[in-house]
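In the two complexes that follow, chain A is the common piece, with chain B as its partner first and chain C second.
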Partner chain A sequence: MRRALIIALLVLAAVPLLFGVSQLPPIGSTGNPTYTHVVPRYLEEGAEEAGAENIVTAVILNYRGYDTNGEVTVIFTALVAVLGVLTFAKATAAKSEPAEETPVPAPPMPVSPVTRFIVRILAPFILLFSIYMVIYGHTSPGGGFQGGTIVGALLIAVSLVSGSAQAKRLLPERIRPWLQPAAVLAFALVGVAGLWLIGPYLSFPVEGELVFLRTPWLTIIEFGIGIGGAAIVASIFWAMEGSD
Partner chain B sequence: MRVLWTNIDYAASVVLFLIGLYAVIAKGNLIKKLMGLNIMETAVFAFVMATGIVTGGDAPILGKGAEPPFANPLPQALILTGIVVALSTTALALSLIMRIYERHGTIESDDLWGVE
Partner chain C sequence: MTRIFDILLYALLISCALMVIRTKDLLGAAIIFSTYSLVMCLVWQLRGSPDVALTEAAVGAGVTSVLFLITVARTTRRER
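Showing the complex of A and B:
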């Protein structure tokens, strides 16, 4: 009965969705409405106007910088919420009712020596690749989020093969609270600089003698996003692992 | 029907969306529900990315030797934002599920009826 209801609901949802999809303009033509409004301008003038040959980076950091500023705030807020839910709630629970039976954690699976060896060999190259991605994010595929996620994944891999204590040495407790909001801080820095030198918050120089500042500003934001992303991904993992 | 066939990418993301919706509705385990939600998010990302496809288009990276047509950069930029937000919500939801398990010893939504 319940299964029949669910299938009926899914069919009910499928019909209008498929009908709507079949009415959309065909995929792949340059005459699509998504391609005819702002996109020609991005593609024709983006490289000179925004200072990034990678138009996706130009859109993310320059044209829609506010959007990305909000987004890095979202991911930082998510980190704060995760830490609040896992760490602080646990601390208060332990204080008030210590007799609560806790589920016994499964013993950790031993890491194969092959895995450990491969991770150790690859770690510097992975780090180098991520730095390359962040630095060249405005002229080639890549960018802050991608590079930062790679570093975060590297920290998680190191935590898995040699223990979190080892991995946390790469991101010491003292500076971690400054690295986690790095993206927000970088945006605030560049935004206020734009406010001070040019005009509105987060405005980039388009022409004139300040135009040389544009690429450094983009790189500052990219590095902020990369460092912040890596610290946030790794911190979420450590908080969930329970070692934080 | 012919039109649906030319838009097979859109239709595929609709099917993916429905698979995710099924998991959210039918499964009792909270982790499975969250996986369904993630599948739905992925379907939406695939749909928006498909709107940016240009036949024979290059990556929208200008510079030496780059020739139009280029793929649409706007969906890519929007979905990059969306993926990061999806990551944030997933992390928060997982940590809430962990707390529920610590407190009640179960993450089956049927067993969680009426608990405080």
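Showing the complex of A and C:
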């Protein structure tokens, strides 16, 4: 009975959805609204106008800068939520059960020598690649998000191989609270600079004598996103691992 | 040739998605899910979006898998 009801509900939900999909214009047709409004402008003038040869970066950081500003805020909020929930859970657990019933920490996993060797050998190259990706994000695929996540993954790998204490020294406690919101801070910096020099918040110079600022601003945002992303990814890992 | 490869990738993608739901071993599910992300990364690259492919490889196949594995290690391995 319950099963039949579920199937009926699913069919009921599927019919309007499929009907809606069947009304969409055919995929790849040049008359589609996606190809007639902003896309030609982005493709033809994006490289010139936005200061980034990689159109994806031009769209993400320049044309749709507000969206990305919101996104990095969401990611930072996610970190705050994870830290809040896990720290709160730890605090209440410590309060409810006194010292004799401390949770047994998971035994340290033995890392195979092969893994350790490979991480040690590859770590500098991974770091170099991610920095390259951040710096050249406006001319080639990649950018702050990707490079930052790779640095974060590298910090996780180092934590797994040689212990979190070792990896945390790369991101000292003293400056970590400033690195975690780096993306938000970079956006705020560039946004206020645009407000001060040009006009609306987060506006980029299109022409005039300030045009040379465009690429440096993009690079500042890319670095902010990269540093912030790396710090956030690594911090979430350390919080979940329980070493924080 | 590209078409065959495409079909192969999509078949792998769908079977990964089904297996993630079916399997009761959460460690296995996390590993299959990272395979899904890796295949998805190839699909993005073939569809001409290297930016998304890079993100998928770093976030989907890398970081989220580690977070899943840590969660499994700190909770339980079998689905109840």
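Criterion: the second predicted complex is superposed on the first by the 222 of 244 C-alpha atoms of A that agree within 3 Å, B and C clash if a C-alpha of one lies under 4 Å from a C-alpha of the other, contacts with A are read in each partner's own complex, and residues count from 1 in each chain.
Going forward, a residue touches a chain if its C-beta (ideal position, glycine included) is under 8 Å from a C-beta of that chain, and two chains touch if they have at least 3 such contacts.
Note that the structure is predicted; figures quoted are calculated from it, not measured.
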Who does A:V111 touch here: chain B (first), chain C (second), both, or neither?
neither
In this superposition, which partner touches a larger number of chain A residues, chain B or chain C?
B
Scan A:V56 for contacts with chain B and chain C and give back first, second, both or neither.
both
So in the superposed three-chain picture, is A:I156 touching just chain B, just chain C, both, or none of them (first/second/both/neither)?
second
Tell me which partner A:F145 touches in the superposition: chain B (first), chain C (second), both or neither.
both
Going by the contact rule set out at the top, does A:M240 touch chain B (first), chain C (second), both, or neither?
both
So in the superposed three-chain picture, is A:I6 touching just chain B, just chain C, both, or none of them (first/second/both/neither)?
first
Does the superposition put A:T34 against chain B (first), chain C (second), both, or neither?
first
Which partner does A:E71 reach: the first (chain B), the second (chain C), both, or neither?
first
Both chain B and chain C contact which residues of chain A?
54, 56, 141, 143, 145, 233, 236, 240
Tell me, which parts of chain C touch chain A in their complex?
49-51, 53-55, 58-59, 62-63, 66-67, 70-71, 73-74
Across the complex, what residues on chain A touch chain B?
3, 6, 9-10, 13-14, 17-18, 21-24, 26-30, 32, 34-35, 38-39, 42-43, 46-47, 53-56, 58-60, 64, 67-68, 71-72, 74-75, 77-79, 81-82, 85-86, 89-90, 93, 102-103, 139-141, 143, 145, 229, 233, 236, 239-240
Can you list the chain B residues touching chain A in their complex?
1, 3-4, 6-7, 9-11, 14, 17-18, 21-22, 25-26, 50-55, 59-63, 68-70, 72-77, 80-81, 84-85, 87-89, 91-92, 94-96, 98-99, 101-102, 105
Contact set on chain A toward chain C in their complex
54, 56, 106, 133, 141-143, 145-146, 149-150, 152-153, 156, 233, 236-237, 240-242
